[in-house]
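Right after this note come the structures.
What follows is chain A paired twice: with chain B in the first complex and chain C in the second.
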Partner chain A sequence: MLKGWLVLRELLRGAAITGRHFFANMTFHTLKLFGIRAKRRGAVTIQYPEERKALSPRHRSLHRLRAREDGKPSCVACMLCVTVCPSECLSVEAAEDDDPEIQKTPARFVVDLNRCCFCGFCVEACPVDAIRMDTGEIRLAASTRAGLEISLDKR
Partner chain B sequence: MFADVLIILVKVVLTLTWTLLLALFLTWVERKESAVMQDRIGANRASVFGLRLFGLFQPFADAIKMLFKEDFAPTFSQRALHWLAPTLSFFFVAVTMVAVPFGDAIHLFGRTIPLQVVDLNAALLFVLAMLSLGIYGILVSGWASSNRFALIGSLRGAAQLISYEVALGLSLVGLIMVFPTLRLSGIVEFQGGLVFGFLPKWGVFLQPLGFAVFFLAGMAETKRVPFDMPEGESEIIGFYTEYGGLKFGLFMFTDFLEVIVLSALATTLFFGGWQVPWLGAGGFVFPWGGSLKVAPWAVTVLQVLAFNIKVFFFCWLQVLTRWTYPRFRYDQLMDFGWKVLVPLGVVNILATGFILAAR
Partner chain C sequence: MSEVKMVGLTIDGRTVRAAEGTNVLQAAEQAGISIPHFCYHPAFEAEGNCRLCLVEIEGLPKLDLACSTVVREGMIVRTSTAPVLEARKDVLEFLLAEHPLDCPICDKAGECKLQDYYDRHGLFPGWFLEAKEKRQKKISIGKGLLLDRERCILCTRCVRYLRKVTGTGELGVFERGVRAEVGTYDDAPIDNNYSGNLVDICPVGAITDTDFRFKTRAWFLEKRPTVCPRCSRGCAVIVESVSGYPLEEGERRVFRIRAGENPAVNGYWICDFGRAGRRDIDEGRQERVIKSASPESELSWQKALADVMARIRSVPGPERAAKVAVILNSRMTREELTLAKRLFAEGLSLDKIFFADPKPGAADGFLLTEERVPNARGVLQAGFSPRLPDLDALAASVEVLLVFGSHLLDHFSEEAVSRALAKIPSKFLFSAHTGPLDRLAEIVFPLAVSAEKSGTYINIDGLRQSFGRAAEPAPGVVSEHEILGCLAAGLGLNVGEHDVR
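Coming up: the complex of A and B.
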């Protein structure tokens, strides 16, 4: 008998919680509908394609190669990023650079996003801070595999 | 004669349209209300020419999707029964709406037209009978599927519905003792009076315990979430596993129809039906003195509006319940039916009898 009453009490409390959410959110939705700005929104939903959530400053998105003053990539083709990459998605071909101080430059710098796991090790490994993952491009879908093999030095 | 047939036809069409449209939009209400309860937004993408209207076109999109799906029946199923089951389910629930009065009789062109398809003199029994017959849809679907799990699901459903049928019947006995008629229109008219001089003589004020038992047993009859043992749509396999497309749609639609029928019955039996508190044929007569004249057409409009608002409220309440509670365990479900609701129904009958005798 007592257990029954306790169950009933908890059931009513549950209904009170969901009911409170309903009426509170409904009030905020209605206020918004009539153009009255409320501090709180009726829903926590971010309607993705139209609304974007701000990316965190330390997010990791599509890679980019930083450029030297003359516009060429500042990569020196040292292959450290290729070595450290756990998913083996980077492929770099070295070529001779005109500047004897620099010696090497990438002839080809391809990141295969089919394999990339966005761990950011390449960014940490780079001795000249040439590769970064801060483009903010997170919509990287493509309809072919080849479409996800991106030449960073050509961009 | 011709005019009578025409009137009946119009009433049938209107009632069916009202019920089906409400059921269609109840799917929208269910999605939106659950979303609002859970701090979400819910379906809002369906649009017609860029007009979104809070996703109000979503039910139509869903209906079109259901219509264009393949009408699939497994090779091992029993074709005729497989087809019959959703139809049975749907029919027996939809047909109960004919007995529900939407408003007081209106006088038009020298005729008296009750706003009710048929004014059966045993309407309450008719409604209960039809709701009970709905079990056949479930049983037949489980049998016709030739699938053990579907059959077990349908048997679970039958056991549950029969158990709660008892409580449902018992809860209404007290009501019949108070309102000595089985005609739904008579019950509604009876609820137009006042108790203690100010309270509307609604069933819920005369039979609070009866209403609680009725509503809980009724919610079990709709077999929606706290009582969704027959379906178990999220994990345990239910009776419409082998159904797809429009036939599955009919089963789902039946669920929503049952919600509407239960709301309409709760309104009619316990919340005064189309009665607006203190509104008589001539206008409002307030218990604290004073009155307000209302034109006859406005009285009818107010009554139909009151009926609709009450039905909407109960639909809303049921959706709230559905999205608040997790499912009962099967033994808890049976315990609740037989050890709580049935005794409470009996206590209600005894208490009503004592009070009526002591008066």
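Coming up: the complex of A and C.
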């Protein structure tokens, strides 16, 4: 008997919270409708796949390698990103570039998104500002593990 | 040693006793005080051109070079007073004014003295507005060596090395002042067996090795000492390998072999032949047990060794001396040889114990010896008298043959060996590298190379040198020591103490 009462009490408390949010939001939306400015705005639901919220300018999304003016990657394969990466997700292989001023260029630059934790340390460590995490691509799902190993120099 | 006169001096308030004739830099180093320097190298006389080792010596009006000042009784030296620190900073600033700062693409980064000293003694902001001098950045100066003139700080260690140590003198300093540069005479390339040491002694990344170029970064390397197995000199070497991240599957593990220091054997140098020994560790390796009769791919060596024991046991005891033969080699460590002696000669009382070693090469008069095996003295000390097998006699009588190493082919043609082995019912090969002998053997066992084992070698002068494991062997790869120990245990033979040195 007592148990039944406790359940009912919790149910009513839940309904009260939902009701409070509903009426509060409705009030703020109605105020906005009549052009009355309030301190708070009513809550808005974004219909995610169809609607997108703008990303913050300092967000971190999929990595990219910046290009030099002639289209070559500006990465010099110094492996500082590989060194600093805490989740050990980067693998870089260097190759010889014919230009003696460049000399070193990545032959392979793979980021393994299976492991990446999007900390952005690679961006911080890069001495030539070659890697950035500002592509805005945050929908990074794949159906295979290999599909998450992304070659940045081939993109 | 008693006639060497000792001199007492004070360095940074510490009383130091040093042999007469040593310089202040060495005396300080013996006392545990390191004075930064580029051009000074203990193998050469002091040159004093980098000016970084300036110290304060009481009684002298100006700072003086620690590398070219000989210790005197009662000398008072200070290495970290304000004027000294200021002078170091200034010297570094002069050197860095013309340095390209391309550390991201420099193979020396991480072990570069200029980087280290800037970090420890410099840390000044750059305020040179003038553009840096442009020089050639990639010149081939000989066998696998690249010179970068922008990075060069003109310490002339390389020039002095080629003049004083190898005596070939291929490099020199040309022009003067800001145009001074290191180069070869008439572009004649450096071609001697000790050119790899130039990369080791260059304090910056001016001379780099094409074999190591861009392969990895210095800070990923794990450095472990061992003894070079490529000739009987037994030079101290340092094997530099990467074992985990960022190593990829199937990538090379040992990135280079560098000279270790051993004043009793090789001083500071090793030959290029020994340096190229990194290929022995990584290339053409036997990776797993191969049993020709069985398609089983994941056969463990312990399981495969049971077959060997069964074949040896199937030969009755009194007949073993005639019907079981072993071919060993002088690359085995002293410990393994003793174990082999106890197991084959004493335990199984075999007569037919042979040795097949690589053919001797030419000695070069400095470090490289004729014998291309590290432990020929050890073989004699273990009580063996090494001799080559007679293939026809072997084929006629032997039923079970155990071959360690694949150097039979250095002495006999492949055809002769395969003809002889075809007549022997059971033959087992224990080899570190793949080769034509593999398909002739019933079971092939993958062995560790000497860098992957610990043991003792006895060099050409009879010097006994023990070494530890310098690189991790691949899973499934075993040493002769394990194989022989397991055989002895399986055959119920007592081989005595575990430590059979």
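Please note the rule applied: the second predicted complex is superposed on the first by the 112 of 155 C-alpha atoms of A that agree within 3 Å, B and C clash if a C-alpha of one lies under 4 Å from a C-alpha of the other, contacts with A are read in each partner's own complex, and residues count from 1 in each chain.
Everything that follows uses one rule, which is that a residue touches a chain if its C-beta (ideal position, glycine included) is under 8 Å from a C-beta of that chain, and two chains touch if they have at least 3 such contacts.
All values reported here derive from a predicted model rather than from experimental measurement.
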Touched partner set for A:71, first chain B, second chain C, both or neither: neither
Partner chain(s) touched by A:101 [first = chain B, second = chain C, both, neither]: second
Touched partner set for A:42, first chain B, second chain C, both or neither: first
Partner chain(s) touched by A:127 [first = chain B, second = chain C, both, neither]: second
Chain B versus chain C as contact partner of A:19, first or second or both or neither: first
If touched residues of chain A are counted for chain B and for chain C, the larger one: C
Footprint overlap on chain A, comparing chain B with chain C: none
Residue ranges of chain C in contact with chain A within the complex: 102-105, 109, 136-138, 213-217, 219-220, 245-246, 248
Chain B residues touching chain A - in the complex, by the definition given at the top: 33, 35-41, 320-321, 323-325, 340
Interface residues, chain A side, partner chain B - complex: 4, 11, 14-15, 17-19, 21-22, 25-26, 29, 42-45, 47
Touching residues (chain side chain A, partner chain C) in the complex: 76-80, 82-83, 88, 90-96, 100-104, 127-128
